[in-house]
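Could you have a look at this structure, given as C-alpha cells, before my questions?
Order of writing sets the labels: A, B and C. Residues in every chain begin at 1.
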C-alpha cells in the first residue's frame, strides 16, 4: 500500500510535467461567430469572418460586445483561406462557436458541399450553425452596418431563427442539410437573404432551392411559406395574407389574414401505368386575424370565406410546385416515397429526370377554427 | 529510569506483576511511595482502627476530598468497636486486594487505598474527582429539531447518556484498557441481540491487537482497526450525539468510545451513512429525502465543478452556449494565469481561511471569514488575478463541501479535488472521467468490517436504498439495513396498522 | 452471506452486459451498414439469435461441468500439456483483443476529443484503471461494472433524442438488399457482440445453478441485442444512406448534431461516457486473460499476471497505427473471434458428448 503511493504520485507528476497537449485556452482564442463564403475570380474561395470586438479594460464589467470585426481572405480552398486568417487575427482563430454560415449566391450555384466539407470533417466544426444563402456576396452581408445592439452574427442568427419560427422559412443548420444533400431522394431548401441597396438592412427573402448541392432557383416569401405547408413543416402559427377579392374599394378590405394553427398533410404518391403521380391533401385549421370586409357571424359566411381561401391557396400551391419542379428541387420528399414504396419503378427511372415531369395535385381543405374575439 | 532499560525503549512506569503486601506497614508505605516516585500529590493520612495503625493513600489531584470524608472518614469516627472495617466504608466502589500493584493502579484511577498494619489486604474505594462539563449540544453536529444533547469527555457520563436512551438489557458495554502506559479506558457498545457476533468478535480482535504506549484519541484506535488506512475516505463514522449513536446501535452496529473523548466511532458504516443527519428523521420525509439528495449531489458537485470549469475553459469551450462563452471569456480575458493555477490559488485560499478560522476563537474566526471571503475575493477579482467566474465556482464548491454532515467526508472530498483538478487541467474531460473512475473503483474496493463501502448501491439492494439515497417514511422501513447483517432482520411490523381497516 | 469471491445473478447480468457493449458501440452502425445497407438492423437481430443459440450450447457445457470454468474444461478434456497450450492461446487471444480495443479507443478518442494528446497516455490511463481493478476479485469488479451501467442510460437517452429527426423512409423498402448482404453483416456484428464467452469463465463464481445462468445470459442477450438494434436503427433513420457510408463513428456524429440549452456539444459528454464503456471492456478482457495465465501457472496470485497481461496489451495497442491499419487488423482478427468465442466451446461440447465425459462429482 505505502510502496505504491510514490509510484502513483510519480505518474501524476509525469503527466503534469509532460504538459497539456490539447489545451485550448478560451482567452487565447478569437471566437469567429459568422463565416461567409464567396466565389472569387479563378474559382478561388473568398472567406469572410466576423468576430466580436473585445470589450477592453475593466474586468469587473464584461458587457457583451456590440461591434464586430470583419476580415476577408482568399484561398484555393476553404481551409487555405482559413489558414490565411491566422496572419490577420492576433489571437488564435476558432470557429467552433460560429452561429451563421453565409454562402454567396454564385458559390451556391456551383455547389456547396465541397465548401462545407471542412466543417463536416472538423471535430470541432460548428454543425449547429445556421446556413443561409445571400443574394450577392456574403462579404457584403458581413460588412452590413445594421442598427442592432449586438454583433452582426447575432443579427443574422436571430433573423433566421425568427423567420423560421414564424413559418416563413425553415431554419437549417449545417448538419441537418448534410444527409439531405447526400441523399438522392430529397433536396434541401435554405433561407435566402437579401441585402438592401443602401446596405443597412438585410431581409429574409424566401428560400433558395437546391438540386443536389447546387442552387437552382428560389422562391419568394409567400411561396416559401406555401412550400413549408406542402412539406408539412409548418411552424406553430404560420401567418398568411391572401387576396380573396378584388372588388372592394378600400385596398385592405380585399385581403384576409389568418394564422395556421394545425395542418394535416397526406402525401400520396401513386403509379398509374408506370407513371408516377402525386397528390397532396391538406387540411388546415386557421384562425382569422384580420378580415375587415365582412363579418363572420354565420357559418355560411365562414364557409364561403374558407372556400375562397382554399382557392387562393391552391393557386399559390400550383405556382410554388411549378417553381420547385422547374428548379428540379424535390424538397417535398416525393423521391423518398417512390423509393420506399415503389421500388421497382424507382430502379427503372432516373429520378432527377423524371421528377420535373411528375404531376402533383393539391387539394386544400380549410376549416376556420376561430375568428378572434370578434365575429 | 531503571524501568526504561528493562523494556527496550518502551517506557513502563507501572509494574503489572503481582506484589503481595509486606508484613510491615513501613515497607508498604515505602513501596507505594516509590511506585509513585515520591510524587508530591500523593497524600497519606494516618488512620487508626481497632488500635491498628494504618495509612490512607490518595492522589490529591485525582480524588474528591468530600467523597473521602463522607464515605470513609466520617463513618470511621462513628464506628463502634466491634464493627468490621468493611461495613464502615460506605463507598459503592469498595474493593479489597492482596496485590500492592492493584493499589497503585487504583490510586491512578482516583481511588483511595487504605493499608492497615498486619493485614494482608488493602482496602480500595472509589473517590474520583469528576471534573467534566455538563452535556451540551455538540458544536459540530448541530440539528434544528430533536435532541440537543451531546457526549462529554467522561466515559461514565457517556455510558449513562447511552443507557438513558436505550433502556434495554440487551445493551452491552464492554470495557477495555488500551495503551500500555496511559491505561486509557474504552468501551465497546452494541446491542447483544442485534449486532452480528462475528462482527463484534472481529472488532474485539482488532482492538486487542493494538499495542501502543498511549491512546490519546479515538482516531488512534480508528487508524489501527480500519481495513484501508491509506484510503482518503473515512471508513468509520464519528458522532457526538447520543441520539445518532442510538439509531446506529439499533441497526445492529457497534460503537467504540474512549475515556476523555466526546466522539463515538460507529462501525461498520457505508458511504451513505456520512450523508445522513438526525435532522432527516425529524423532518417530514420529503424534506429529509430532498436534503439528503442535495448533500449527495454536493459531494459529487464539489468533486466535479472546479474540474469541469477548468476543462471547459481550457479544453472544450465549445460545449457551453455562445452567450455563456462571452461572459466567461470577458471575465478571464485579462487574467494572467491558466485556469488551473487560478483554481488552485482560490482553493488553497479557501482552505487557508477554513483552517485559520477553525483554530481561532469564534469572534476572530468570523473576522477571518469575512476578511478572507469578502475582502480577498473582491480584491483578487479587482486586481485581475482571478476571474470572477472562478471565484463563484470555488465559493460554491466550498459551500457544497460544507453541507456534508460528516466533517471528515467534507475534508476527503476537498482533498480529492486536487488530483481531479490536475487531471482536468491536463486532459480535460478525459481526465475528469478517468479520475472519477479511479475514485469510484477505489470506493468499490473499500470495505468497512466486511461491509462493502458503497452498499446498498453496489451490491445493489433496492430496499437498502430507501434509507441511503433518500429517506423513506419511517413506517415503511421495516427491516434493518442489510449491510450490517443484524441478527434480527425485522425492525418493526406495521406501525400504521390503524390506517388499514379504517374506511 | 455471500462468499468472498462470488457474485449474484443480478451482478452477473451487468457483468455480461458490459462484456458485450464496449468499444464497438459507436462504430457498429457504420461497419455493418457497409455490408448490409438499409437492412443492417436485421443482421443485428440475426446475430443476436446466433448468440442465443451459442448461449444454449454454453448451457449444455455448463451442465456437464458445473464447477470448473472454460479453462478447467479444456484441461480436463485435452489433458494437462495440450490443454494448457490451448489455455495460453485463449490468454493470448484476450490480450490481442485488449490491445485491439485499446488501439481503436485511442484512434477514436484522438479523432474526436484529443487530437494531439500522445497515444501512450490515453492508452496508459485506461490500462492503469483496468489494472487497478482487475487485481481485485470478481466481486469488486462486479460492483464497479454495475455502477458504470449508469452511462448506458445516458447513451440511450441521447439516442432517443435523435428519434426527433428520424426519417423512416431511409430503411424502406425492407429487405431490398437481399439475403446475402444481411448474412455478410452478421460476422461484423459478432465482433461487437464479442464478450459473451466470458460467461464460460466466471460461471463457477456465480451463485446460481445452470438454469439460472442460462436465464441471466438470455436476458442479457435480449437486452444487448435490443440495444444494438436500437442504435443501428437510430443511425439508419438519422443518416441518409450516402452519409452513413462516410461517417465512421455514427453515434458520435449523431450526438454532435444536437444542441441543448446548456450543452451545445453533447458529443463531448457522450465520448466521455463512452470512455467508461471502453474501460469496462478492457477490464473484462484483461481479467479473462490474466485468469488464463494464472491457471496455466497453477498460481493463486493473479495480480502478477494482471500486470504482465496489461503490459502486453499496452504494447500491442501501441504497435498499431492509424485507421487503416486497425481496419486490416480487424479483418484478419474477425475469424478468430468466431473461432474462440463460438467455435471452440462447440468443439468442447462435441468432444464431451462423444466421449461422454462429465465432471466427477466430488463432495467437498
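Observations on the model:
The definition used in the following text is that a residue touches a chain if its C-beta (ideal position, glycine included) is under 8 Å from a C-beta of that chain, and two chains touch if they have at least 3 such contacts.
Computed from a prediction, not measured in an experiment: that's the story for all the values here.
Seen from the C-alpha centroid of chain A, the farthest chain centroid is that of B. Relative to the centroid of all protein Cα atoms, the closest per-chain Cα centroid is that of C. With each centre defined as the average position of its C-alpha atoms, the distance from chain A to chain C rounds to 42 Å. In whole angstrom, the spacing between the mean C-alpha positions of chain A and chain B is 66.
Spacing of chain B relative to chain C, judged by their CA centroids, is 46 angstrom. Those residues of chain A in touch with two or more other chains are numbered 15, 22, 96-97. In chain B, the residues that reach two or more other chains under the touch definition are 318, 322, 427-428. Residues of chain C in contact with at least two other chains: 113-114, 117, 121, 264-265. Those residues of chain B that touch chain C in the shared complex are 316, 318-322, 324, 427-430, 432-434, 437-438, 440-442, 444-445, 452, 454, 457-460, 485. Chain C meets chain A in the complex at residues 111-118, 121, 128, 165, 167, 169-170, 172-173, 176, 238-243, 246, 256-257, 259, 264-265. Here chain B touches chain A in the complex through residues 229-230, 313-315, 317-318, 322-323, 325-335, 338-339, 381-382, 384, 387-388, 419, 422-423, 425-428, going by the rule given at the top. Those residues of chain A that touch chain C in the shared complex are 11, 15, 18, 21-22, 96-97, 123, 127-128, 173, 175-176, 178-180, 182-186, 333, 336-337, 339-341, 343. Here chain A touches chain B in the complex through residues 1-2, 5, 12, 15-16, 19-20, 22-27, 29, 31, 33, 52, 54-55, 59-60, 62-65, 96-97, 99, 124, going by the rule given at the top.
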